[in-house]
Amino acid sequence: MGLEYVKISPGFEKYMPRDYVDLVTFGQFGKQVDVMQLGQFKELVEEHPMCAGCYMAYFIRVFYAALPNPEDTIVLGTAGCARLALSQAAVPFIYGNYGDTNAVASGLKRALSIRFPDKVKDVVVIAGDGGLMDIGFGMTMHSWFRREKFTTIMVDNEVYGNTGGQESGMSPKGIQLKMAPKGKQFDKINAVELAQTAGCVYVARISPTNPKRIAKVIRRAILAAREFGPTFIHAYTSCNIEYSIPTREVLADARAREKKDFKFYEWMTDEVKEYLEEIERKEKEKAKQEVQK
Amino acid sequence: MGLEYVKISPGFEKYMPRDYVDLVTFGQFGKQVDVMQLGQFKELVEEHPMCAGCYMAYFIRVFYAALPNPEDTIVLGTAGCARLALSQAAVPFIYGNYGDTNAVASGLKRALSIRFPDKVKDVVVIAGDGGLMDIGFGMTMHSWFRREKFTTIMVDNEVYGNTGGQESGMSPKGIQLKMAPKGKQFDKINAVELAQTAGCVYVARISPTNPKRIAKVIRRAILAAREFGPTFIHAYTSCNIEYSIPTREVLADARAREKKDFKFYEWMTDEVKEYLEEIERKEKEKAKQEVQK
Amino acid sequence: MDKEKLITPGPSGYMPTPGAFMGVELPPPGKALLYGEIVDEETAMREAAKAMLTRRNPTIFPGPLVLWGWNAGAMEKAKAVLELAMEIPNCRIIPMPDYRPKYPKIDPEAEINPNHPNLTILHNKIEACIFVGVHCHYANLSLRMIRAGTNCFTIALCAEMGHEDAMVSLRDVHAEEIRKFKDVLVQVRKELGIEWEPKLPPENPSLPKEDWTKISPLDFGEYAALLMPRKGEVVEESE
Amino acid sequence: MDKEKLITPGPSGYMPTPGAFMGVELPPPGKALLYGEIVDEETAMREAAKAMLTRRNPTIFPGPLVLWGWNAGAMEKAKAVLELAMEIPNCRIIPMPDYRPKYPKIDPEAEINPNHPNLTILHNKIEACIFVGVHCHYANLSLRMIRAGTNCFTIALCAEMGHEDAMVSLRDVHAEEIRKFKDVLVQVRKELGIEWEPKLPPENPSLPKEDWTKISPLDFGEYAALLMPRKGEVVEESE
């Protein structure tokens, strides 16, 4: 981790695979990319074995483009669809046992702070509704109670997609799934409200229809976690397989849910608001100056 | 369970130990006792190995006196101080593995509903802050998400008292304990707010200084759970050992905390409110009629 | 009997091998266990009767399934247990009303607890006993502990399949079977030339009871203060 | 050598017993492993050199610890690896830049992956290879897989304590030790009468690279629609 880890040893440039040379030359390391430039730079994750039309895969692609410091970031995931792409990325990845991600992330973030007292290392958990809100619920919430300084992103596909379609606590009430034939009996868990109660300093709920907004939310969550405490993003990332959404309608579904129960929501403490506004103001100024040059 | 279980087989009355004969003759089974009459009836729990001056033991004593139907109640507990008295009581007791109480209670309550469709069987979990809000946190909250119809009572002594004084999530911020010498780093978990967010239909926070109020809260929580869903009581029950409270000052401490952060709080859904008011109105009328007779 | 007696009165040591591990099998319907061997019911009953008639301080330990009148069968079985008790000279009844632990300590003359049965057995020098109406999992626990630490001859009148760790174990025992055992016992008693007028055992020594209706809150010591409103104190309603 | 050769080129079967289970011990400082036996460094180096000089398609697999210039030591070590490569006739360099899985599939001419090294080794018919700069836990995994499924002679130039499952394993290898090994190799090459003008191996076949600066969002197929604002669509700010 660190920029020196993405510098090829002199003499070895011509022995590296093209993918890696491109990452170093045209990638995001050490730069600030705009998510709207996707396709104009070498991305941190490209090929992966997720299903065609998977909205979670799209979200993860935007996630990597949005990282403020990919060279100083460690991503944690667990069993589930997301990690199939996460483990393929050019960012260090740790696989937590199911439910353990936020406990592992707590220890990791603390260890990094001790080992590198003068550097910022970002720790980001990306896991599904099952890993974070069902089986890992206690560890997730307790990492927030303890005010651990890392970001948790729940990619919520509202189902155990990898094991045949069992309902999760995040499945909507009444929904019938392949392994929930009687329909879910109770309400979708209000993860965002729980995160606020538990002490997250920045909380957002998003249906990822607007890449610029996704990137902004991810960036804000990571920056706020560095300074103030736990941050949480609840992202709707449909399972087109288990919910039988035709590939071409995946985006339409995300838009429909955004109008219904996944309306964009963003909350932060006053000090986080002040901090982020200051950073964003400076960035805008800097951008303006660069344009003027 | 049921009143027939507390009827001595004919001919055996004179072979039973006095304790049991008294339970049947002067006990609460099949009656409605007033907690203010404590001492004038044979109690469900008497001797126990809890520490002298233990406020949790006092709370448990009042708890048993408050049960609306002890003969149709099953109590669940787990590792910790409370179960030392709970397992001694004349009410069936199940010991859940640490953290599992609310999962076991869920299954038990559902099984009882199927086995005795025409009878009301009350299931009550009594466990500590560690069992319910730390290690059992996920199971506790998920039983509420699922709207399981039983009562959870957290006897909160704000410490792992049985294992030498580690901090729990419920310990107040900054407190130094025998095994938390640097002081607790984060806030006391807001259990009551979490219970409301998670879907409890009746929630109360209480510092048990007023036995009549304790009894009323316990009764309401159990009655509401029968009909509507999960109910939760957060009771302050100090650990005079780990917090070094002189025995004679235990009640004063409870009163002081009641004025500070354990102010009495009671919340319920509108339908629960209506239901309980109707029951309590009828009871008052009945009591009035009996006085007039 | 040619075979070695596997299960005999102890004390057989702190953690004796369970009967099941020693090869003892539960009897098929109509059969019984005697010293761990499958035999005819009659044979087992005669040995059990002999033990209760000849060993010191014979005692019946009725469990919750007969002590509590939770259905007609239980009450009938309870009646049969008393009929049996009447026929055993100087028999006592010490109940096991439930299985909860007893702190600070049990009264060993008034009751028996499955978690430490030896307190009652050794205190009362009981050398022959009958388990009846005890749930099997607690009977298993207790019978092995008794064999481990005492010289008591154990007889299990089980409503289910019996118990490997009792010296005599009858199975499918309900009121009728208890009466059949009583008849065998009376027969053996006559053969042994023991004279006995049927009469009920003495009542529980913890009785007669105190009158709870006359107890005042003040009897509750330090907690009494919590029970009664103090001068000037207003007991608030919850609303 | 009197002792049996424990660790030899495979294929030794799907799940070969790990060297450590066969009694192979890691060498003490100053010593090395040859076929699982502790020998002098010089002896091991000569055998390793012979393998790289005489077996088919000798290849160096540099790992992340030398490929990436994360400190001066790594860069110096990388330089030494290139110097060594120059002296091995027709040597190739196939890198292992990191350990992440490669889906849908790896390009076996461009790289090697620790999770399925045999794809690269069998595709390129590599019969002698050097591991250098690979973290020990992944080297252990790979070396055993290579012994299991290929006939490749494996040489581990380890910066730590060495690897039981390589045919030759040197320990505490940094730039200086690599150069020492190079000198031994040149010496052995001369003894074997092999003529060779030092030169660098061919570059990675996946190069030259496409020019990413000229790629347009439209190259991204079905997802392109998500990237660009549509006609009339207003991209909202988050606030």
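Residue numbering begins at 1 within each chain, and the chains themselves are lettered A, B, C and D in the order written.
The criterion applied here is as follows: a residue touches a chain if its C-beta (ideal position, glycine included) is under 8 Å from a C-beta of that chain, and two chains touch if they have at least 3 such contacts.
Every value quoted in this text rests on a predicted model; they were computed, and no experiment measured them.
Think of each touching pair as a link: the shortest run of links from subunit C to subunit D has 3 of them. Contact with subunit A and subunit C alike is made by B.
Relative to the C-alpha centre of subunit B, the farthest chain centre belongs to D. For the pair subunit A and subunit B, the distance between C-alpha centroids works out to 41 Å. Centres computed as Cα averages put subunit B at a distance of 64 Å from subunit D. In whole angstrom, the spacing between the mean C-alpha positions of subunit A and subunit D is 33.
Those residues of subunit A in touch with two or more other chains do not exist in this structure. The set of subunit D residues touching two or more other chains is empty. The touch graph of the protein chains shown is a line. Those chain pairs judged to touch are A-B, A-D, B-C. Only residues 2, 4-12, 14-22, 25-26, 36, 38-42, 47-49, 58, 61, 84, 87-90, 93, 210-213, 216-217, 220, 251, 264, 266 of subunit A touch subunit D when the two sit together in their complex.
Contact residues of subunit A toward subunit B in the complex are 134-139, 141-142, 145-147, 169, 185-187, 189-190, 193-194, 197-199. The part of subunit D that touches subunit A in the complex is made up of residues 62, 66-71, 74-75, 78-79, 82, 93, 95, 97-98, 100-104, 107, 110-111, 201, 203-204, 206-207, 209-210, 212-213, 215-220, 223-228, 235-239.
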